[in-house]
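Just passing along the structure, written as structure tokens.
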Amino acid sequence: MERNDGRANDQLRPVKITRHYIKHAEGSVLIEMGDTKVICTATVEDKVPPFMKGEGKGWITAEYGMLPRSAATRIPREAAKGKIGGRTYEIQRLIGRSLRAVVDLEALGERTVTVDCDVIQADGGTRTASITGAFVALVDALRHQVDQGVLEKFPVLDYMAAVSVGKVNGEILLDLAFSEDSVAEVDMNVVMTRGGKFLEIQGTAEGSPFDREELEKFLEMAGKGIQQLIQAQMEVLGE
Amino acid sequence: MERNDGRANDQLRPVKITRHYIKHAEGSVLIEMGDTKVICTATVEDKVPPFMKGEGKGWITAEYGMLPRSAATRIPREAAKGKIGGRTYEIQRLIGRSLRAVVDLEALGERTVTVDCDVIQADGGTRTASITGAFVALVDALRHQVDQGVLEKFPVLDYMAAVSVGKVNGEILLDLAFSEDSVAEVDMNVVMTRGGKFLEIQGTAEGSPFDREELEKFLEMAGKGIQQLIQAQMEVLGE
Amino acid sequence: MERNDGRANDQLRPVKITRHYIKHAEGSVLIEMGDTKVICTATVEDKVPPFMKGEGKGWITAEYGMLPRSAATRIPREAAKGKIGGRTYEIQRLIGRSLRAVVDLEALGERTVTVDCDVIQADGGTRTASITGAFVALVDALRHQVDQGVLEKFPVLDYMAAVSVGKVNGEILLDLAFSEDSVAEVDMNVVMTRGGKFLEIQGTAEGSPFDREELEKFLEMAGKGIQQLIQAQMEVLGE
Amino acid sequence: MERNDGRANDQLRPVKITRHYIKHAEGSVLIEMGDTKVICTATVEDKVPPFMKGEGKGWITAEYGMLPRSAATRIPREAAKGKIGGRTYEIQRLIGRSLRAVVDLEALGERTVTVDCDVIQADGGTRTASITGAFVALVDALRHQVDQGVLEKFPVLDYMAAVSVGKVNGEILLDLAFSEDSVAEVDMNVVMTRGGKFLEIQGTAEGSPFDREELEKFLEMAGKGIQQLIQAQMEVLGE
Amino acid sequence: MERNDGRANDQLRPVKITRHYIKHAEGSVLIEMGDTKVICTATVEDKVPPFMKGEGKGWITAEYGMLPRSAATRIPREAAKGKIGGRTYEIQRLIGRSLRAVVDLEALGERTVTVDCDVIQADGGTRTASITGAFVALVDALRHQVDQGVLEKFPVLDYMAAVSVGKVNGEILLDLAFSEDSVAEVDMNVVMTRGGKFLEIQGTAEGSPFDREELEKFLEMAGKGIQQLIQAQMEVLGE
Amino acid sequence: MERNDGRANDQLRPVKITRHYIKHAEGSVLIEMGDTKVICTATVEDKVPPFMKGEGKGWITAEYGMLPRSAATRIPREAAKGKIGGRTYEIQRLIGRSLRAVVDLEALGERTVTVDCDVIQADGGTRTASITGAFVALVDALRHQVDQGVLEKFPVLDYMAAVSVGKVNGEILLDLAFSEDSVAEVDMNVVMTRGGKFLEIQGTAEGSPFDREELEKFLEMAGKGIQQLIQAQMEVLGE
């Protein structure tokens, strides 16, 4: 069975990462994975949350939003509803944790990096695109701190990127578009380092439990996709 | 005294309107006025607010937002604060009123058009850029309704656009950038039709009251700028 | 065509300003413009908002509310809804800006004056009545500060007042009552100083765009009304 | 020991009830008890809360608010804080219960009366003044319903009023002013009918538990005060 | 007429107080009165609310909640609704006031005790059970402070407990179960000390005003019930 | 290195599941895993969320809360803060998804089961204990529906339970207590069916990325633990 856009099962959508997308931010990126487009910015501030004061360590946190018309049907604005929904919280916690996992928070010192991921057009995989793009924005913002002499040492420890895999109509697919994601039997988001280690695995059976063997295949395919994404990050970052 | 970007006092910043910017929306535009960039989308829904039910008329409403890092300093997300601020309300009420003023709401029937204006990069004049861009998104969305046979008659009555004028260091300037706006003695937003009539005038003395003669000059200059913006709208809309 | 209450087109409703209306406040006024009645109080506190600390300047801010039954139909309490609506925000921002425009904030020192305008009975023009009444409450509160020796210099620079004008059935009217305001084709609020200069102009075409000539007439009529209101302020303030 | 205002221990402050105070409301009252001033309005609507639909009975509910500068120190607006405080809830529940206790809710039919009590100046006893004033507003609103032919039968069963009593410096006092209330050892609010029966007793020991004998004296004194208040209600209502 | 559970009119339901119910809290109790079950915990913190700083006195505050399925019909979670309801506020204010009335706040020093009362199963009388149980948790938490040498003197001045009384079908009953409470003509909550003095009386006529004679009977019966509850507290506290 | 409580690395804490814990709920359980104690109730209602109306399918949703003093340090009540935090949302979404994965939602018909998981004492693993306990409450509630003749067919498809695994000081441990969880290098929650298939895997590297080999070990250990938990469920459910 062919995918809607003719991709092979283990093929990523076209990836495009544009750096310096927003002029005000220390780090800012537009990441496009097919029709999914996310603006990621990284802001460095000289403060930490109250519970971390005096510990000599930094913090990285993420916020996520979708423009109302990023989706096929208009999504009511969370600001207008007066509260952030559960899905948004879940995603921003995932982005934040993933980024923190590759940063030496002590080398960051008592600073907070806030990464904002705003989806301007959504076609599946917004959380994984956010992570992959946010990493580049983070690198730019922290390189800027090093260049300014604020940080002595560049505190990012490793490359990382994220991708989704899933089972659709019994087939295992990489980088699901919305039309695939919405009928997936299994949906899994994987975050890995350049060295192929896991930072996060979040797999959910949507109606069809999966076994160990299938899990192997999901992870195998995710791993390959992530290495390609890291390649794209390295190219755009000039390495 | 020369302006930061070398413009003449009565000169607009470069204007660029990109139609069909977001694939999901019936009408969607990226408007750029210099470094100010706003995504405007128009969504048509077959319902009206409760207070208008059964009156056979439509409604046009606007929502406005700024991405956290659209500004030089990160703006806390209104969704995270759990409420919309006064400035946001003021702006979205202005956009909504201005658009309604050029639409035949009876010809629209019991439908609501929600126009979302999301600032991705801010450099002054976001509310006037939003109005100018929203008009184009609105036209596209309503033309689409006519093409689909949903509307018999195209309900937009006239072209309209908006621009800011102000007094800075005693000089009257058109289309203020942020660096000008933040030190302006008078700040005025004007919304006009193609025929040169006023839809909205909002003028504020920031520390220096202005007289009738100055008002004349503000309106003269705004009028010229608006005609150029309407020219840009007409070109991009193929008229 | 005659107005409901038999007034001439350019005639204000009867104005009555009662000082010292609430015993606790440094400045407090009941302003009545026909059936519109607003309690305005001014409270001086020895602090400024965080963003102004250490600048040696003061701040003036306004809050506005309507008692639930000030209107013909009961208005749900904003406290019960848990948020302030867009119209309220718009009005309180207008009142605050207008008052700040006639006060020397440096002479005020690091103090905040909070002006509360609470409508106990509404019949159109509540925002302009609020501004006119708030000015008197502000003067009383700041005179009190001078009398107490807290302020060396009385920081109010000029008299000011506000009035509405509008076009109803093609006629230009001063000081619209609710029955006029609700069917107006153009609705304009003007804030001016004693010297006849503008502090704010907010004009809105409700269905019928207006031209430069009409604007002239609106402003002419508003100017005359405002001078009468300032006369009333001066009388009650004993000048 | 003499009271601040020279009253006898068992003496009410001067009571003044002004009917038809707000022109829009079916029933509206300004009640003054000394320097405590409360606007009470009663609004009748042809609907009941969801949990009462179809039961053929009506409902009476109350809301309470204080203008920010009704008190010696400015009280932040609950609308601005985005929530109603515990004290406000407690008071509006008390007012609502007390009024419902003297109304035949079946004779009211499926209608809701919302009583708004807004304190414009506070000097102790605002909740009891609210109840006493609200009763008169309620009577006026329901008489109006009878006059209009909406209600066949006047559904109010009995007169009622409320007063505070307390122990201050060991003395038992009626109708406490703020200066007394703030140092009271016991604080009690009593709501009674014309026939001398209790609708509500809320007594609180603030640091000094009270015994049965003292309770007798509190209730004796409250009873006398309430009969005088009911007398004032009857006079103003023309009975 | 017999009560549902066969109790005499002046008979309490079986009372069981389990100390040290939650391992983390300085004081924690499960109180059961028949089928009403409440977990009460007391937490001591070295801080006071802002309005009390520097006064050398402590504070005791209470919070109250019901698990969603503590009641026959699921109660929506207040956290999900985003606000605390009026009934909850009323109850937690009552618990806090009652506890403060038997504690020497100066002996407590600048510390806050927060008492949490969470109803896990409700069958009427949850507020009075909360007070009776909270007292024991408070004693345990403060004894712990004395044992730790934090407090020199045990600051609890007297035993206290609470019970409900009411009139149901014309009969006066002690300790109402939900099936009785929901049809009561009079509902009264009483908080008393071991010495038989009143800390709180909250009596409400639900449709049937009560007279002085009935009040006497309510208080007589409540007094007896409370002495039994205090007996149960003393036993479990080992006195 | 020995675990704090002397357990083997692959040993669960003592598990105790008490059915019918809350008398009002159709299904209710107290689950204890060591010192972690959670009350789980299941409520069946004859309605579905608006987005599912008319589809002939049911819905299962979960809510999660912690009593303020369930933890070593008092957690501020989410109801008092006026919003649910990100962690809570994440957990309740996980519980809901996991339960839905083993229920035939069509056999459930247009009904909603709301599962409430309230932690009364927390010592690590509250989300997995919630899932394991919630399953039993759900079975009881749905059996009750079958017994009542409401459901023709018992819609639960398979047993399921959840457990945590993690890496602490380089060792892989089953069912982490709080003292272990708070220093874990890897933290993973696994939800599996009786047949050993996965419903959810959520693994997070807290500072130390993990490889495929370690993942194998985590899943192996989790699988064994889950089978023991399912054994406990079956025993208590009488199978």
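By written order: A, B, C, D, E and F. Residues from 1 in each chain.
The criterion applied here is as follows: contacts are C-beta pairs under 8 Å (C-beta built on N, C-alpha and C of every residue); 3 or more make two chains touch, one makes a residue touch a chain.
In this text the structure is predicted, and so the values were computed from the model without any measurement.
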Path length in steps (a step moves to a chain that is touched) from chain A to chain F: 1
Set of chains whose contacts include both chain F and chain E: none
Centre distance in Å when chain A and chain B are each reduced to the mean of their C-alpha atoms: 33
Averaged-CA centre spacing for the pair chain C and chain B, given as whole angstrom: 27
Cα-centroid distance, chain A relative to chain C, in whole angstrom: 50
Inter-centroid spacing, chain E versus chain B (mean Cα positions, whole Å): 59
Per-residue overlap in chain C, given as positions that touch at least 2 other chains: 82-84
Sequence of touching chains round the ring, chain A onward through chain F: A, F, E, D, C, B
Residues of chain A that touch chain B when the two form their complex: 22-25, 28, 35, 39, 41, 43, 45, 63, 65, 67-72, 74, 77-84, 88, 114, 116, 118, 120-122
Complex interface listing, chain D residues touching chain E: 83-87, 89-90, 92-93, 97, 101, 158, 188, 192-193, 195-207, 209-212, 215, 219
